[in-house]
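Report on the structure given below.
Every chain is named by a letter (A, B, C, D and E) in the order it is written, and numbering of its residues begins at 1.
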Amino acid sequence: MTTETLIWLIPLPPALAFFLIVLFTNKNKALSHTVGVGAAVLSWLASMVVFFRALSVEHLGEHPFVSSVNWLPTGDTWFRIGVAIDPLGAAVLFFVSITIFMIFLYSVGYHNFGQPAGDHDRKGLPPHGATVTDEHGHQHVVPSVEPMYSRFFAFLGLFAFGMYTLVVSDNLLTLFVGWEIMGLCSYLLIGFWYGKPSARAAAIKAFMTTRIGDVFMLLGIGLLYSLTGTLNFREIFGNEELMHTLATPGTTLFGLSLAGLIALLLFIGTVGKSAQWPLHVWLPDAMEGPTPVSAMIHAATMVSAGVYAVIRMFPLLSLDHNTMTVVAFIGTFTAIFAATIAVAQNDIKRVLAYSTISQLGFMIAALGIGAYVAAAFHLVTHAFFKALLFLGSGSVIHGMEHGVLHTGNHSVDPQDMFNMGGLRKKMPITFWTFLIGGFALSGFPLLTAGFWSKDEILADAWANGHLAVFITLATAAFLTAFYTMRQITLTFLGEPRTKEAEHAQETPWTMTVPLMVLSVFAIGYGWVGIPEDFPLLGGLLPSWFHEFVGGTLAEHPEVIPFNPVPLTVSLVVALGGLLLGWLYYRNVNSAKEDFFQIPLLKNKYHFDEAYQVVFIGPVIWLSEVFTKWADQGVIDGILHFFGPATGGIGAFIRNKIDLPIINEFIGDGLAAVTQETGRTLRPIQTGRIQQYMMLSLVILAVVGALLYFMLGAGL
Amino acid sequence: MTTAQIIFLVVAAVTLASAFMVVTTRNLIHAALWLVATLFGVAVTYALLDAGFLAVVQVVVYIGAIAILFIFAVMLTRKEMRDQGPQLNSGWWISALLAVLTFGGLVGMLWGWRGMDTLASEMPVGFDSINALGDALISPNAFVLPFEVASVLLLAALVGAVYVAFNPRSGDSRK
Amino acid sequence: MDFLKDPLKLAADWLIGLMTGWGMPEGVATGVAAFLGIFVLIAILMVIDIFLVWLERKVVARFQDRIGPNRLGPFGLIQPFADIIKLLIKEDITPANADKVVYNLAPMLSMMSVLILWAIIPLAPNILGVDLNVAALYIVATGAIGTLSIIMAGWSSNNKFALLGAFRQVAVMVSFEIPMVASLLIPTILSGSMGMNAITRAQYPLPFFILSPLAALIFLIAAIAELGRAPFDMGEAESELISGYNVEYSGMKFGMFYAGELLHAFTFGGFWGILFFGGYGLFGLEKLPALAFLDNVYINMLTLIVKAVIGYWIIMWVKYTMMRIRIDHMLAFNWKFLTPLSFALLIVTALVHALAKDASPWVYGLSMFLSNLVLGWIVVEFLRRYSRAEREKVEGPAKPAMEAAGH
Amino acid sequence: MIPLSWYLIFAAGLFSLGLFGVLARRNAVAILLGVELMLNAVNINLAAFWRYGNVADMTGQVFAIIVFAVAAAEVAVGLALVISVYRSRNTVVADEIDMLKW
Amino acid sequence: MNQWLLVAFFFIVGLIIPVGAIGVAAILGPKKPNPVKQETYECGLETVGDSWVQFKAQYYIFALVFLIFDVETVFLFPWAVRLGQLGLFAVIEGIVFIAILIAGLVYTWRKGMLEWA
């Protein structure tokens, strides 16, 4: 089979698995997961073959694997869709296929396959455990199998399909299709336990927030297509004349060039998908989903997809200096901003969620300063160790749930780190793998993958003279090490702080094997990117990654000369953060003793509340006005607006932080304007289809006439 | 004026007249029957255009199925509208104005077009449009996707129509 | 010997020559000649139609152990002419509440829908109205006009029995049109054309009733339903609906419906012959050197007429020996049995055709026939089991008869 | 011979009549009748452009056939909706079917 | 074009003959209308109620299903004509097409819409 055919086939097995499970094997759990995992294996195998074939091609960047078919006739030509694997695609495919495979496998254990059905489990709620009687007549409570087990694998399959489609696409349109499939799946998966109101809300939040970004992205795609007539990456980037035209500065809004505007629009899509500030709010809430989902969304696929898209569009992005600055700012700001929040979180998964946001900020910042390869490198290493950490945390939670079932005290939150402690002895495999992941995340020097990739970003920032970026990222890196160690210390070290932690248990092999596999990559993958001139180690292994991925670009990025300053800094921040974290938290036994439980951080800078006031409140209010209180005056409306909006917040915090005052001001103005507009325009909406049609006809005629006369009758 | 032109003018006049009756007749069954006449006129137009397949399909699909369905639908819903009361909206003259304007706009736009007075080229000898159509519909380089999608569209329409109109849950006893 | 080869052209040429001699432009003369030819053909058809009335009455009498018309002329041959005179001088009654224009238009359309079918029937290789390349669909299209005439008749009569009859008849007609179209697709696939002449020619050496006996059967059943004749005569159902959609018609208007139905049956007998039994061909006999004298226009025409009469006779045979089927059974039979069967047959035929078309004609024919046989056997077996299950529901000791009543 | 313009103007007239029907008729079934006229007008154009363009390129006819399918789907679903509304609200007057506002 | 002119002649003649027959009958036959004669015929009984009987929705369903099937089978004709030339691929396409068609039939069947009840 040719490599091109194989690339076409990569996304298919998960999609087939989705349909198979939904249509046929739904009833049979074993068959469903066999189909699901089997599909993941097939895709993985195909990806590996493609990856290794890609390795063996000289100058893959200039001659990637491409194959496309006619899809849509557009006037005289065809819109073609197809697949392409260039070095970047191959590198991403590598980690995506491995993590997806591991997550599929892990899900089998996580959803308690083989355990009895729960006593009173219901669809849409997490399993509560089942009572079994052993041969001695003792009753035990054991974990029960997920009631919607098959459905989970179906969703995962569709999700994987979306991701593979995105990675192998050679054009923005199919990339966007994959992107949106993932958006749908993340909605379905976050809301997987739809019986929980919080999960429902989180699902809607994730969907709506990413939708904001997607709208801009679609605008960007549309603009790009209308300007270039193609969405194929190679056709756009390979056309120097076109790129030159696009790069002409100052032709659009705010003095941006066309390229800058397009890149900015596409970047906003990424901001939504990769949870960058200010659209980061959905990601921590997405923790309501099952843990494999968290790993899937936050490590392997969706958030990576956002960064991947920006990396893909990098040639376009790099054309405009202003856009680059915006990107660098957002990335850097997100990195430090999320890192500070992560320090104050107690939920084991939330810490990781904010850590993800922060690390994605690193990548975005790297792109913003032009460090293309470093961003891609960090994307790959991060995917490995963050998947490892999420799966590890899932394993911890699973172990803790075991303890909770044992004691029967359901008031203990199995995700709160202050309820853990000393799990090192109970769950040794989880501990060691988690430790590896944590160290990789903090950038433990020399050994771990995280060190090499993060170091490269810092080195790039230093070398290109972005001092502000460098300092901020270094601080964020320090915080990263600190909160990672806090997490490890609280979770695994010391003595158990609750009875539940004492009875925690190691998880089955389906969960630990993925952990071990991923930890190998969390360490080893860094070694392919050691700079050539690094003291002592440089040159032991060839700096393969830089050469390989760098080959994607037409102009190969330069190798940064070695500089001791960033190296020292990263050594200091990593080790210092880890040390401080350990020193401080080994003595902390409860949340009260923790100095970093600063309300502002703990409440995530009140972004959720602020959005509630600024965006969600008005919308709810508006709909209420339109349905119920349309005829009562502005005053009444504003009162109703304040009711739901301020209910949960409390005036104290808002006064203290100052932000809401501005928000209130803006909110009020917005609301009044919206209401007036609505009041004025309401009579138009009569519900009578013929009047609608008449109106649209008139508008069509007017617009058509305008266009006709403005464009000239040059028909 | 050639024979073909005379035939065309007669057909067009009859078709437009019946179309006018379709939109103005009070009795809906008559409107449906006038629609049949219009559709037949369109079928004749296809025949004039050497599109024999379209002409026959027009009769099979429109007169044989769609018109029948219309007549059945009128009979299902006629209890209410016993051919009484106004059949046109109170603001019908706006609609008339819009329709006239649309016609004027279309013709006006076409007027300046240089392709207007094109004459049809002779049909190539031995050219069988059915064969060409079969090739176009089936061959993967042409319209096989629309061909299959049409099937899916019709399936969706069938499912949707059956579901919408005769959903047992609507609790209708007259079925 | 032009007179034997192509008499139509001979006559046309003579006519055109005559008219151009009178000073007519040639185009007009051709048109007038064609018009006259068509007029003559249709006039002959009407005469045949008149004799079909006689034939029908004679045959039904024999089926019912009677003699039938025998007073007027030898074997009562003058009887149909007497009938015509009676119809012509009968009072023309239009019901008071009828929708007059539609009411009068319906019988004309009914008759027309039958007559225009003859535009595409090849009586001999050269003797045919038009060799349309969409002839198979044309048959369906004329059926659409027939359907329309029935619904017009039923609606305009302002009589509830007429309306009910029309609804039923139309429901049956449209339902059975699906298997009919599917069975028309099979000669189209086998011959690679929708033209009647091409289909006829493609049946040498193997007529399509050998290649696809099931399709021939389905076409016959669907045609009978399309005609609205027993056992599918739901539209008229004398005992329930008085006379169905034509209850309010009398005199010549009723005559049009009646004669139209008979001619329609005869025409469909002809189509059955054309589509599945080699049309004007004599099953390859005329290609034998010894029998070459049979390859002659008049023999061709005779062959087709005889085939049409045989088809007509079979349709009559079915009509006078089978009971009327209840409408729900009739529609269930169509939608749950005939339609799936015809599509299955379509798939099988298409597959076998694609796989075996390059093989020798005998292998091809054998595989077609066998695939039909296998499909038929499967269907018969399935039906046997189904009916046994149904019978057990009624007769079986385990289940009371109550349940069967609901079926 | 007939110039292309005749067909196009004929189609435009048919289209406008259909448009008038859609806009002015009160009965929802009659509105659908108007939609049919408009679809037919479009089809005449498609067939005419096929005949007056390159005859070997069947795009015009294929499109016309697809329009047949779309028209069938439109009638099936449209009439089903009308009947559904009729069964629940006992009216087929388009102006009275105006629940779908706000 | 010529072909279709002939078909048009068939339509015209096909209409002339019944029109002529009915017209001759109308001229020859007596015309003495009276209200009783022109009443709606119901085997001699007085007509009861409205002649617009309640239309059974089932008729509509069959017409609906027929409409969809009719259009789909019409699509199959060009396919059938070219089947011999186009090979197995075309057959598969057609079978997919028919399969989708049958899926619709199965749906209607399962929904109980083909029952006369």
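In the analysis below, a residue touches a chain if its C-beta (ideal position, glycine included) is under 8 Å from a C-beta of that chain, and two chains touch if they have at least 3 such contacts.
Since the model is a prediction, treat every value here as computed from it, not as a measurement.
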Which chains make contact with subunit B and with subunit E at once?
C, D
Treat touching chains as neighbours and tell me the shortest step distance from subunit A to subunit E.
2
For the interfaces D-E and B-C, which has the higher count of C-beta pairs in contact?
B-C
Taking each chain's centre as the mean of its CA atoms, subunit B sits from subunit C at a distance in Å of 29
Can you compute the centre-to-centre distance for subunit C and subunit E, using the mean CA position of each chain? Integer Å is fine.
15
Report the inter-chain centroid distance for subunit B and subunit D in whole angstrom, where each centroid is the mean of the CA atoms.
6
Chain centre separation (subunit A, subunit B; CA means) in Å:
51
Out of subunit A, which residues touch more than one other chain, so two or more?
690, 694, 697
Mind pulling the residue numbers of subunit E that touch at least two other chains?
3-4, 7, 52, 55, 57-60, 63-68, 70-71, 74-75, 77, 80-82, 85, 90, 94, 101
Which positions in subunit B are in touch with at least two other chains?
4, 48, 50, 52-53, 55, 57, 60-61, 64-66, 68-69, 73, 75-76, 89, 94-95, 98, 102, 129-130, 133, 135, 137, 150, 154, 157-158, 161-162, 165-166, 174
What are the touching chain pairs in this one?
A-B, A-D, B-C, B-D, B-E, C-E, D-E
Residues on subunit B engaged by subunit D in the complex (per definition of touch)
2, 4-5, 8, 12, 15-16, 19-20, 22-23, 28, 31-32, 35, 38-39, 42, 45-46, 48-51, 53-54, 57-58, 61-62, 65-66, 69-70, 73-74, 76-77, 80-81, 85-89, 91-92, 94-96, 98-100, 102-103, 106-107, 110, 115-121, 123-124, 127, 129, 132-133, 135-137, 142-143, 146, 150, 153-154, 156-158, 160-162, 164-167, 170, 172, 174
For the complex, which residues does subunit C have touching subunit B?
27, 99, 102, 132-134, 137-138, 140-141, 143-145, 147-148, 151-152, 155, 170, 174, 177, 194
Subunit D - residues contacting subunit E, complex:
65, 68-69, 72-73, 75-76, 79-80, 83
Subunit E - residues contacting subunit D, complex
57, 60, 64, 67-68, 70-71, 74-75
Please name which positions on subunit A make contact with subunit D in the complex.
626-627, 682, 685-690, 693-694, 697
